[in-house]
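My questions will all concern the structure given below.
Order as written gives the chain letters A, B, C and D; numbering starts at 1 within each chain.
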Amino acid sequence: MHMSSLFSVAVAGASGYAGGEVLRLLLGHPGVRIGSLTAGGNAGERLGSLQPHLVPLADRVLEPTSVETLGGHDVVFLGLPHGKSAEIAASLGDDTLVVDCGADFRLTDAAAWEEFYGGPHAGSWPYGLPELADQRSALAAARRVAVPGCYPTVSTLAIAPAVAAGLVEPEVSVVAASGLSGAGKSLKPHLLGSEAMGNASAYGVGGVHRHTPEIIQNLGLVHDGDVRVSFTPMLVPMSRGILATASAPLARDVTQDEARAAYAAAYDHEPFIHLLPAGQWPQTKAVVGSNAVHVQVTIDEAAGRLVAVAAIDNLTKGTAGAAVQCMNIALGLDETTGLTTIGLAP
Amino acid sequence: MHMSSLFSVAVAGASGYAGGEVLRLLLGHPGVRIGSLTAGGNAGERLGSLQPHLVPLADRVLEPTSVETLGGHDVVFLGLPHGKSAEIAASLGDDTLVVDCGADFRLTDAAAWEEFYGGPHAGSWPYGLPELADQRSALAAARRVAVPGCYPTVSTLAIAPAVAAGLVEPEVSVVAASGLSGAGKSLKPHLLGSEAMGNASAYGVGGVHRHTPEIIQNLGLVHDGDVRVSFTPMLVPMSRGILATASAPLARDVTQDEARAAYAAAYDHEPFIHLLPAGQWPQTKAVVGSNAVHVQVTIDEAAGRLVAVAAIDNLTKGTAGAAVQCMNIALGLDETTGLTTIGLAP
Amino acid sequence: MHMSSLFSVAVAGASGYAGGEVLRLLLGHPGVRIGSLTAGGNAGERLGSLQPHLVPLADRVLEPTSVETLGGHDVVFLGLPHGKSAEIAASLGDDTLVVDCGADFRLTDAAAWEEFYGGPHAGSWPYGLPELADQRSALAAARRVAVPGCYPTVSTLAIAPAVAAGLVEPEVSVVAASGLSGAGKSLKPHLLGSEAMGNASAYGVGGVHRHTPEIIQNLGLVHDGDVRVSFTPMLVPMSRGILATASAPLARDVTQDEARAAYAAAYDHEPFIHLLPAGQWPQTKAVVGSNAVHVQVTIDEAAGRLVAVAAIDNLTKGTAGAAVQCMNIALGLDETTGLTTIGLAP
Amino acid sequence: MHMSSLFSVAVAGASGYAGGEVLRLLLGHPGVRIGSLTAGGNAGERLGSLQPHLVPLADRVLEPTSVETLGGHDVVFLGLPHGKSAEIAASLGDDTLVVDCGADFRLTDAAAWEEFYGGPHAGSWPYGLPELADQRSALAAARRVAVPGCYPTVSTLAIAPAVAAGLVEPEVSVVAASGLSGAGKSLKPHLLGSEAMGNASAYGVGGVHRHTPEIIQNLGLVHDGDVRVSFTPMLVPMSRGILATASAPLARDVTQDEARAAYAAAYDHEPFIHLLPAGQWPQTKAVVGSNAVHVQVTIDEAAGRLVAVAAIDNLTKGTAGAAVQCMNIALGLDETTGLTTIGLAP
């Protein structure tokens, strides 16, 4: 592949975690050339001082996020605060592939948007979870992609096969432990290292977290009829990773083998989903830095529930890896280009 | 209080985490004198080399765990591997208060014991969770106390008021994130710091963790009829603390106020349980080193579930603090002597 | 001790780490009554929402920091940003004991103050490191106390006995690894948990850290003539604790026994300094939450250097514990009242 | 590059951290084919259960480490306990490239070997630090390579340019903070997560750490005459990374610019060494998972010392990355093949 065949890519929000992770992945992607890097308050600064791990880009200076700096690229990744993507996207040509790592275009239901995010609903774009029923073909034709939230990605992938196969009642409970980078580079007291280290803390309990309607929307695609989801996130003292435990009441007698077969059928051909061997349970460190999803499922007969656990890196498969995966699909590249299933451990 | 009025206390397993934490608390307890400190493989070593934080006891040398070393004390705390307590306890006089931090005497149901622990059931002792219905009076008369498991303590306290008040169906789901000290000072690869840091990992999923029947037993004390519990533990990268999320389907329409009132009624007079103000959620670091339990409850109307979260220090309220609390009750001391509700943060 | 004999204590900066730790210690101090709690931007908030670990004070509401709120107490602790203490202190009566956890009054040398802090030098107060030559008697008579910086405390205590005994040339190198709470509850990107976890980072290298002149000042008290100090701090991923390695060229042949004897002579009567047995090295977790200092010393013959290591909790002995220790001395109480040498581990 | 042109590579010790990291890198290396994977006690197990992050190799079963399993490959990486490499290496053909991640062949001085490691000296092999004077050409011709220790790599690279340029006296002090993976997957109590988290601990103080003579040996290659090194390691609570602070007395007046120029001259052409812009200091997370070395240098005029700080990932540039880098050199491949300077952050 020679220079002229590379896709030109711009990244808005290059000083944040989503933007930084997109860049980390793009630096290893053979099909792209990294164009404009933009930021809000950090415009004018060297990337090296903000993202010191991105050595090959250390001397790049951030430009302001604008139509001028983002225009003229084949692909634009948006890593912006929610509410900021619509205006930028509207100004970019229809033939530009715009991949939004934010929430603005994830929900199809305007009422859910208004309830959980407030303000007017900007609409919805093709949803960047290729492993979910029917999304892959929509993504292949897309020039706009809404990258899923990190919790919805891991929660959906943990329980969707069981819901889709009718093994469980559509009454799903998810409790997910997340590393702090999921909250972004936000200067909030509870995200300080001195507060967060040695600490597991609950937040967004009781159905109020914004990712709740997105999980419901996803499971609605694999189930006819209402789905109810109780979602509880917590912060645990690590930078990256989400471990989600999802469970639901059994709809009928289900054996371990049957449950496993449903998951195997759903995931055996997925390049990034790794159904672990029986008896081995997911851990986040096995997927850190990778686009892999590790999944395991079991039946708790005494409790009458199916229990599934999934692990992802919230910044990779949960954000930037999914973004690159969707870019690959939309550009007609091999879906796995520039991505890996190999985590960084220990 | 002069010397002759102090209770003489021995600690078996003084080199382990439970034993070390018992000693940390006893060093601040005005009513006791620390007698024999015993260990298995570490007998003969200075305590200072094994528990360097216990400076006032640094030069004490560990004796072997035996009837000879443990006999003749008013109180004996046992911090032994499970299966080891029965023989030691049998050799100690009936008037010696024996407080067992292990699992041997927690379960009343021999079949549950055999299913989850294997081997013959040694019987059951008064159960050291004073906040659970009717336990306090039994403990006041006890000369043998079984200290609850850490997960059962936090899980039970999180959901028992809702179950007892009939607010929820007796179909409880608990997902609990624990620090590593809950696994003891065991030399297992997955407990190594290099494995555990930056890692959240699932284990004991699907109803197979040994603490499951203990939670069921506890909730059975506040509910007539069967209780089903789906319990999922996970390890998160911190030394101490458990954060448990417990939820169950609403039995009927329940308002936030009603749920809160049930918890307030159950806990307002409890010296160690702190029902947080509405909107504030538990975090483990607020209770580290203390005997406090922080609890919060809410109603997820859309999901039709009550969700409660509780935080404890697994080594304090989850083990050694409960042990000292029970000792206080059994000896007729003020229940809070030598214990605190003040955590060590940040 | 009945109510009327308790000293009334106010804490300015009660929402910060220094103030919170002072309160944690005062809650266990039998000789004081906690009066006004004040803050800057957090005035009007419940303490429980800011310092959830301080359960007994959860419902106290923070007042604004002012002469009105702080006046009329026997003791006032100041946990304020540097530059804010002088004005407040000037407004408090000369018979009020004012203990400043900030830097304003630590340095006697105005030129050093101006070089490292900028702005005019406010003067100096008795220096709150009782273990340093001749400080204890000055503190006993003081009504103003400057609590040392955390790095100067641990660095000074690590190497002062060797300097004082003439075992080493006065050319000291210190490299100290600190937990993040040493930086306070400051909202800076590099202090975010997602940045700090899994990360060791250098800062303030090359003699530019503000604590450098304070270490030099301290060592100057035990050595006639110039002392040079190369001080390098680093942040490591923990909330609390500093581990300092201090070394200096041997002034002459010195044996291990001789070095040890110098440290034993200096510290054997100090209630908070624990010279570890030969072969055992300090670790911060052994001192977390305590006022203890763990010290060890050795001779590296091949390198021709004496090497000493010391560990403290930066918030306790490094700040609030020292503050309470000095209060005890100044009030004529037992120096150890309300303080412990027992750390919280694991 | 088609199949027949790939070099066949075996890894002994594939269940350990060095072996696992070699495999992680080889999976991304376009010039090799992964052959036998061997282990000691873990032979017969699935790699997926021991190294769950290496998904593409999950179903490979570990063979016993022996001449039979390791023979017949182009390259053999040894990640064995020290003392085990010599025998295996002797049985492998002279034309097999053997890259030893252990210590057996690092030291040229038999007396130093015996003092620090005990037992007979096995000899020395070309030393795998290409950035050190004259090593690269020796490595190009080598069929045996001794990969440096992690501490010697970072310590040497931090201070060698200053020593080589005669800016400092050859009296070097190094204090290095390391993550726990540097200690390997050893089941020792102090390496447990519950002990290590929240803890900074000193060890190997006073010139007794085995890496001391290796640092001296390295600096001896850039300085005529004796070099003295005071080396102090510490463990800090992270999995990966070493941050080393190295300093030495100035040999004469040296300006910041002069110091910087010496480092730039030494490193500007090195593909893996990144001299940070003035004012930016190394942090380990910027290099995690990469083969990069971040370096910064300054002059402390008041202390009369040059101070340099360097950061590496102990498992990558400190072990497995260096091993692959040396393999590339010895096989005539581009030195950077399969390696990156891009770290994984946050």
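Going forward, a contact is a pair of C-beta atoms (placed from the backbone, for glycine too) under 8 Å apart; a residue touches a chain by one contact, two chains touch by 3 or more.
This structure is a prediction, so every number in the text was calculated from the model and none was measured.
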**Asked** What is the chain whose Cα centroid lies farthest from the Cα centroid of chain A?
**Response** C
**Prompt:** If you tally the C-beta contacts for C-D and for B-C, which one comes out higher?
**Reply:** C-D
**Message:** So the centre of each chain is just the mean of its C-alpha atoms; given that, what is the distance between chain B and chain C in Å?
**Reply:** 35
**Prompt:** Which chain D residues reach two or more other chains?
**Reply:** 17, 179, 181, 185, 192, 194-195, 197-198, 237-240, 283, 285, 288, 345-346
**Message:** Taking the touch definition from the header, please name the shape of the chain graph: line, ring, star, complete or other.
**Reply:** complete
**Prompt:** Of all residues in chain B, which touch chain D in the complex?
**Reply:** 17, 179-181, 183, 185-189, 191-198, 237-240
**Request:** Going by the contact rule at the top, pick out the chain C residues touching chain D in the complex.
**Result:** 171, 173, 175, 177, 179, 192, 194-195, 197-203, 205-207, 212, 228-232, 234, 236-243, 245, 247, 249, 281-285, 288, 296, 298-305, 307, 309, 311, 345-346
**Request:** Please give the residue numbers of chain A that touch chain D in the complex, ascending.
**Result:** 17, 20, 24, 27-28, 46, 48-49, 51-56, 58, 181, 185, 197-198, 239-240, 274, 276-277, 280, 283, 285-290, 292, 294, 315, 340-346
